[in-house]
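When the chains are written out, they are named A, B and C in that same order, and each has its own residue count from 1.
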Amino acid sequence: MIRNFVRAALLSTALVGTAVGGALAQETVVWWDFLGGGDGVRMKTLLEKFAAENPDIKIEATTLEWGTPFYTKLQTSAAIGEGPDISTYHLSRIPLGASTGTLSPITAEELAAAGINATDFEDANFKAGQSDGAQYGVPFDIHSVVLYYNKDKLAAAGLLGPDGLPTGLDGVDNFKAALQKLKDGGSEYGVSIHSAAGDSQWRIMYSLFGQQDGQFLTDEGFLPGDNLDKAVKATAVVADWVASGLAPSQTEYPASIALFTGGNAAMHINGVWEVPTFTDLAAKGELGFEWGAIQLPTFFDHPATWADSHAFVIPNRVGNELTPEKRAAVLRVIHWMNENSTFWATAGHIPSYKPARDNDEFRNMQPNAVYSKLAETAVFDPVSTLAGVASPLYDAMGNYLVPAVNGELDAQSATEQMRDDLNGQR
Amino acid sequence: MTAIATDDALVTLSPRRRRVIKTLDIVGLIATLVTLLGAIIWAFPLYWGLITTLKVENDIVQPGIDLWPRRFSLEAYTHVLFNTKIGTWYINSLATALGTTFLVVFIGALSGYAISQLNFPGRRILWWLILASFMIPIPALIVNHYVLMANFKLINTWMGVILPQLIAPVTVIIYKQFFDSVPKEFREAAKIDGANELQLFFRLYLPMNWGITTALAIIAFIGAWNNFLWPFLAVTKEQAMNVTVGITQVTDAFGVKYARDLGAAMLAGLPVAIMYLIFQRRVTQAIMLTAGIKG
Amino acid sequence: MAVSDASGATTGVARKSSRYNWSEVIVAALFVLPFIVVYGVIFVWPTIQMVWLSLHNAPLIGPGKWVGFDNYVKLFKDRLFSVAFWNTAYFVLLTVVPSTILGLLIALGINRLKGWAQSAILACFFIPHILPVSVVFRIWGWMFDSQFGILQYPIEAITGDHLPVFRTLPLFMPTVAWITIWWGVGFNILLFIAGLRNISPEIYEASELDGATRWQQFSRITWPLIWPVTVLVLTIQLILQFKIFDQVYLFGNGGRVDATMTLVQMIFRNAFQKNMGGYGATVAVVLFAIIVIFSVLQYQLLRARGGEK
């Protein structure tokens, strides 16, 4: 006991400038996330609030580049005991992360001690944090892609219904006709997409694939039977927009946003995480038009939208394991974040933590309220060590889907090559 | 300087020859103009990058080419300075670059001296090995350097960034050549005065070759400051990153951020650019030397 | 530290002696020790370990199973390996000779100038060389930015549309090669200028008097005399460009990474991104062998050709 106290005291004095609380020993939690843009701003606010309410835990936060760079760094640092104490993670990647030994399992006792109850989450959502029966991640939100639109432009093209929401966009042909109308109405593009980004094209393609009840991965492998045709059909839709000049070709993430905010594109497909970007621009009066966001239109049989979840994990630290005290502190951070995740919803996301959704603040939040019903028909990434953010599957999207969307490969052969490549890695 | 015809030569030539040279000089003029044009092409991206950082983000994405900012703004720089850990990255870059420089030069000078001035078994083999190491592809060793540094618990430390950068056979080669050319009489005289090898090295050979030492140090520093691959791999924590890695790996904001990204880049390149402008002659001399050409 | 200071006759390496002065040997050992240690720990040991690791099915960190030459068999069947090899070779082709020729031409141009004009022009060509690769990446990423890059104006004038050069496969390598040349040609220029300065002006003056044309002067005087420098530049560039990683990684990140893969990048991807240390080491061994073989061959070949002239 005394030894522990001395050690803690030494630790806190060693961390110069951190011991604000005075006598209380402070637990330092090293935090990594990949949250940029509006997400990052919202998370910064949450972290500040956490610091104010929890003087005994000091969070040292770092934001690294999203995607492959982030997950590569996390994986290599975990292997040598140099990782952070807590990290954001995508639930889609949990099987892959568990298989590479990047993640440390969290026991039921630890969860209970921190007050994290499975019953506070949707069952499927919570279970997506598991791999081989062990819990690796605690869900934080559910996020998806939506269709952002420029109200002024849609109104001018007669695409706004009496309720003020876009109308007449369902169906492949209707949507294309609408894009054409918007283009004819003076927009450079009908819709801006980041056509150069594999991850983003996956989200769109997988949504359209889900609208046809496609199964991306079964026991037989990737895209068996007519699932291939469904994927080809989904791919061809977007490729057609690009080929017809209705969507920009080979466009990077920031440029595709700039096309929308600059008024060059009337609509924009992107993740809900860009909601704060537009909210903040509009609040500063820099947007120059009224904007809104709706669930992706139904192109095929029924509504369906790709979705994934941000989660919190405790990365492995081989040879430099976390003390039980630190793990407890990390879990307290996780639980606190969930308890305060109504605010996180202002970043466009849907909180995973049910109590954070069951209040009027969330129910009336705009534009979330308009599109949050998409959660009911969400389709999640295949559960596999080959899937998830920065996985072989995501690589394959960059290598095959992106050229298909941009007309460098035809949709049929690109999808076949992608299927064969992925099956070759099983 | 090897101008084709100097003015003096022109005067002494016969009129016929003169005419030939006059026509040739038109070719020369064109060559000069082309060179000038090339220089402008080469310098323009630097100018354009720099001038963009002084603009307002929203002006940057407006159509049209503004060679001069419509509105001046230092927002890009203030943002980078206050919202990223660029200060820490600078310190890391400085520490690892200086550490690498010092060790490379010191180790190179010591062994260059031994090979040049001392007689010991294995001298020839060592010299041969050093000459052959010229072609070592260091990037092929990244995997095992990483494993090694992980075993030493040096990942995310300055030492872990420095150590794998210490293979610099060229330094040894150059020192050896320069020490070889120090007249033997100096050595004899110092020895008669009772100097030992350490004193000879520090009081005679190093001071007599300060020029080459500074030249090598500048080259080593620029090389270490600019190194990307190894610091990129050896560091996984933001606070241990070098500035060249940090500006590409840490994202602070999405949205429109061209000026900010470029501003961070300008700050990262500033020390070496300033160093070059101050030590211009030394740098050029150093590069010529390291390539084994005495300019 | 004991030194043989009594007799001045024992100093200097020129002396022929089968015997060693042991106190001198000890001093020498201490002087070369740091280098030997570094060389052993940072080069020899990791190289042995690299070969050893390539014979195992191992993660980046931690033990693995002995698999003999399975990794090599797998490598030579790996479609990505041939992609990475040809991409690397293509990049070498696009950079080594062009940047050497360009370096020589610019050096000839600069060498005609004098004084501050020479320094200023040289600085324009040389400053890019001293910049970190991430700075080069940002500057050219901005120049070529598919929506707002200044180079999109001429590109649009020619092709009628914006062109995302880093996401258009056939343009990727040539563009990155051009940026690499922009970045590195200053180094070549310096070496050539040094070489040109070593050519005595009298040779040119004498040839003037003999009525040699400018082309004759170049082909009969400058070119043969600058040939050793050319060999040197070519060799340095070859070794350098074979190790291409930084630019291709930074510009290619997020795009069709398989299609733009180079050899060092393949090491990085397997060992670090996919946690397959053994396989990554296998690529490394092959790259190591390629570079050593190529540089020896090229140096010998070019030196021989130069000797004939």
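Keep in mind that, in the parts below, a contact is a pair of C-beta atoms (placed from the backbone, for glycine too) under 8 Å apart; a residue touches a chain by one contact, two chains touch by 3 or more.
Everything numeric in this text was worked out from a predicted model, so none of it was measured.
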Which chains does subunit A share as contact partners with subunit C?
B
Which pair wins on C-beta contacts, B-C or A-B?
B-C
Taking each chain's centre as its mean C-alpha position, how far apart are subunit A and subunit B in Å?
42
Roughly how many whole angstrom separate the Cα centroids of subunit B and subunit C?
14
Which positions in subunit B are in touch with at least two other chains?
61, 146, 150, 233, 248
Interface hub residues of subunit C, defined as touching at least two other chains:
60-61, 145, 147-148, 272
At least two other chains touched by the same residue of subunit A: list those residues.
69, 76, 79-80, 258
Looking at the complex, which residues from subunit C come into contact with subunit B?
1-3, 5, 8, 11-13, 15, 17, 20-21, 24-25, 27-29, 31-32, 34-36, 38-39, 41-43, 45-47, 49-50, 53, 60-61, 106, 108-114, 119-128, 130-135, 137-140, 142-143, 145, 147-148, 150, 153, 182, 187, 190-191, 193-199, 201, 204-205, 208-209, 211, 214, 217, 229, 232, 236, 239, 242-243, 245-246, 250, 264, 267-268, 271-272, 277, 280-281, 284-285, 287-288, 291-292, 295-296
Could you list, by residue number, the parts of subunit C that touch subunit A in their complex?
59-62, 145-148, 164, 167-169, 253-259, 272-273, 275
Residues on subunit B engaged by subunit C in the complex (per definition of touch)
1-6, 9, 13, 17, 20-21, 24, 27-28, 31-32, 34-36, 38-40, 42-43, 45-46, 48-49, 52, 60-61, 65, 106-108, 110-111, 113-121, 123, 126, 129, 133-148, 150, 163-164, 166-167, 172, 184, 187-188, 191-192, 194-198, 201, 222, 225-226, 228-229, 233, 243-245, 247-248, 258, 261-262, 264-266, 268-269, 272-273, 275-277, 280, 283-284, 287-288, 291-295
Sites on subunit A touched by subunit C in the complex
67-69, 72, 75-76, 79-80, 100-101, 196-198, 248-252, 255, 258-259, 318, 390, 395, 398-399, 402-403, 406, 408
Contact set on subunit A toward subunit B in their complex:
34, 36-38, 40-41, 62-66, 69, 73-74, 76-77, 79-80, 82-83, 253-254, 257-258, 261-262, 274, 277, 281, 286
